[in-house]
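Shared between the two complexes below is chain A, which pairs with chain B and chain C, respectively.
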Partner chain A sequence: MHRVPPALTRLALILALLAVWELATRLTSVNVILIAPPSIVLWEIVRVFAGLSVPDFYLNAGITLAEIAVAYAIAAVFGVLMGIAVASSKVIGDAFEPILLVLYAIPKIILYPVIVLMIGTGYASKISFGILVGIFVIIFNTAAGLRQVEPNYVRLAHSLGYGKGKIFFKVELPAAAQTILSGLRLGFGYTIIGVITGELLVVNVGLGFLIDWASVNYHTAQLYAVVLITLAIGVVANLVVSRLERRWVR
Partner chain B sequence: MAIIEVTGVSKTYHDQSSGRAVRTLDNVSISAPENDFLILLGPSGCGKSTLLNIIAGLTSFDDDGGRVLVQGKPVTGPNPKLMAYMFQDPVLYPWRTVLKNVEFGLEAQGISKDERRERALKYLRLVGLEEFAHAYPRQLSGGMAQRVAICRSLALETDIVLMDEPFAALDEQSRILIGDELVSIWRQVRRTIVFVTHSLTEAVYLGQRIALFSARPGRIKLEIANPLPRPRSIGTAEFNQMVDTLWTQLKAESLASIKREPAEQEKILLPKE
Partner chain C sequence: MMSSAKRDHYLALTIRTIAILLFLLLWYLAVKLEWIDSMFLASPLDTLQHLIPVTRKAAPDLYATLTSFSVAFVTGVLFALLVGFVLSISDYNRKVFVPLLVLGVTIPKVTLMPLFILWFGIEQLPIIVFGALSAFFPMVVNVLSATGEVKPNQILLAKAMGFSRLQIYRKVIFPAMLPVLISGLFYACNAAMMGVFIVELALARHGLGAFVHDLAMTFRTADMYAAVVLTASITVFINMALWYGARYFGRWRV
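Showing the complex of A and B:
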């Protein structure tokens, strides 16, 4: 017997769901304001990309993507650096790790009003929130990866005459790469969540703005379309990062 | 002149948690002439690894007049141009191919890419692993991994090779086979080998000279030459006689080290006066 590939099963499930959804909205008298059928949503997505549906789609999507890119670049660089600092110096680790753990544990959203008060309602506050949501998993994975390096890996390099710096780059970093990269992948997803959440909380531009605009105006089809597009961005981004991760870790 | 000269070296470990001082080596003197295959044999915990690490420059020793000279110069730290050190575990980096693992020690010395590759392949060929040059460590068996580690040590082409129970984790057959390989390499490319083991058979099978440790604090109790002709075979009358001689000496030490363990535990359990 042949095994059905999981991708096929997945596709079938999604198609079945869409069919049920379509039929449910067509055959019952539920108002289209509440649930838009997939066929209309699909058509709406096409209209969105054609620039006929929501206001300034490309501008708003571009803003969101740029915010995500900036937030992630900062979260990745500083997250890895802070993870290295925490793992390599006992003084720094002991001093900052408890603080980081508390920040990690609390729902970041309660800090958003503080951020907005401090740096305003512009891009910077959304980027900052994206960083705040995304950076911790990067810090902790980097630190954990470096701490878990087999002590013999380091002893061997030492016995072969490698100095501290070279041991770090040639042994500790590659040994921790897998854990660090999965932190970077998770952090990417969290950064996207942070940026979009920020846009939905203080609405002025971006995909979050479009979602809010469609929602408050009862443009249900547009709402679904933009939500799906946002989801797709997240899925594609995650796919790209996973690919990179798999290519680096062999 | 001896290539390795250890004179009156002691080592005391200070246990940080209990504050106790443990004297591990007590006034140890030993030397190895060039091209020696010297075995350090003794019960577990007698300080064999500690002595090897001291010779390798990986561990410090008590500052009470002891001296470690290698090629006439005091040892101050790891010196991979002079001494290769081999661990009990293969310690191969999983992200590097077999070839790249063997080259790792040479990279530290800034040796050119071509020469690194050439030397690494030469030793992989010697242990029959040339075709695995581009494999990753996870694809190797325990014995193969250990042979790669041997290659990494030998590729440094140092005058001295220090090995700490390098075959302890292998099954008996692999041990004998890799031991044969090591001896044949040692006879082809003369090196001074210092080889730590707690196995009597391994000591007699491989060693040119055997230094027997006493139980802790470790001292050299006996140094004997091993005149058995090579290739040796395990289980011949001469072989067994050699093992017996060593065992007679070692027995007392092993008993001493076994007896002390429960006594030490009691000491820890007793409440403080």
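Showing the complex of A and C:
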């Protein structure tokens, strides 16, 4: 048994689960509003991509992806900059890190009503919430990465006559890259969660709107299809970023 | 003459205090000078004044949230410990399941919320289930990496020294795993709170999430800011309690 590659066993398990799910919905009298069998969900996913199933799929998916992209770009740039600032001097770090830690400990979701009240129900509130959920891990990882740089490297570079800027870009940043990049990867996942949560709580456009539309109208197959597509976007995005991370670290 | 470390400490404290005061001043001015309409932003003083009455009014919702959270957190963590230890028995299991469980942490589980409402209704059950699920994934990943922290050589050594099975568990395996388990608890705690609040906000029927939602909907702005401050303080308090608890139980390690 141990000669079977783990990936294959994993696949077999998932397929078995789908088979049980299919059989359970076919053979028992579970209400179709509650659970749609995988075969129907799969067919629905095909129809969603063909544009036949839910209203304006590509428009809504595009909006969600654009919100994620904008939120992540801002979170990444400001997160790294703030991380650099926090790590730049001990005094600044000691002054602001407790504040950041307290903010980090608060579940950001309770600030969402405040955000919506202040900047409205449009894209800006979802993007802001995505930034808020994603940025902290980027700040902390950037600061931690820069702090754990071997001080001897910096001393050596200094004695070789490198300037401050050159030391930062040629020595400190590359040495901290691995931790910073893993912060950027985690931050990306959190940003996606933030944007989609925002869409689901204040419904007007995007994939959140489609999920809500399907659930309110009891279009169960469509609901499962859109939920799976949204989850798949999360999975694919995470895979892409981990791939990039691994390439850059090398 | 103060030592430079001490001086830096006070300097940091001063900068922090000034930054917080500046933030409060900006917040105050934003309302006072009507940069933002007072319908959408209550001044810090108003918020403070509403804090006590709001806390009193929120008591039943606070109770509902704390029970949902505790049940979700404990269930999620216990389930994660069970699954984590069962899977950690063989290296093969670990290879099969870890990628799936890691995926469980990173995907936007919140999309499942409508399904949960469909399955579990609109009372407290979907709140608890979603909270528990949110706590489960980060915890189980940490349990699995915690079991990886135990070095086989240390167990071998302990056996050679004539430790009993129970002693090996108590003196070798458990201490090696503890730090990773504790960091898992922190993730699980915050994830459970986030999960509980999300469903409370969405359902708007039970708990602090519903309380805040109602206040926002009816534009009782000062009350809402007070409720948000109250909720934030409670979550910070829970985190600190967990932190001190972890330190108390971990004190023998040093």
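Rule of thumb we're sticking to: the second predicted complex is superposed on the first by the 247 of 250 C-alpha atoms of A that agree within 3 Å, B and C clash if a C-alpha of one lies under 4 Å from a C-alpha of the other, contacts with A are read in each partner's own complex, and residues count from 1 in each chain.
Definition applied: a contact is a pair of C-beta atoms (placed from the backbone, for glycine too) under 8 Å apart; a residue touches a chain by one contact, two chains touch by 3 or more.
No experiment lies behind these values; they were computed from the predicted model shown.
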Which of chain B and chain C A:Val171 touches, first, second, both or neither: first
Which superposed partner A:Leu59 touches (first chain B, second chain C, both, neither): neither
Touched partner set for A:Arg10, first chain B, second chain C, both or neither: second
First (chain B), second (chain C), both or neither touched by A:Leu34: second
Chain B versus chain C as contact partner of A:His158, first or second or both or neither: first
Chain A: partner with more touched residues, chain B or chain C: C
Complex contact set, residues of chain B against chain A: 56, 58, 78-81, 85, 87, 89, 91, 93, 95, 104-105, 107-109, 136, 156
Sites on chain A touched by chain B in the complex: 150, 152-153, 155-162, 166, 170-171, 174-175, 177, 249-250
Residues on chain A engaged by chain C in the complex (per definition of touch): 1-2, 6, 9-10, 13, 33-34, 90-96, 98-99, 102, 105-114, 116-118, 189, 192-193, 196-197, 200-201, 207, 211-212, 214-215, 220, 223-224, 227, 230-231, 234-235, 238
Residue ranges of chain C touching chain A (in the complex, touch as defined): 8-9, 11-13, 15-16, 19-20, 36, 40-41, 92, 95-97, 99-100, 103, 106-115, 117-119, 190, 193-194, 197-198, 201-202, 208-209, 212-213, 216, 221, 224-225, 228, 231-232, 235-236, 239
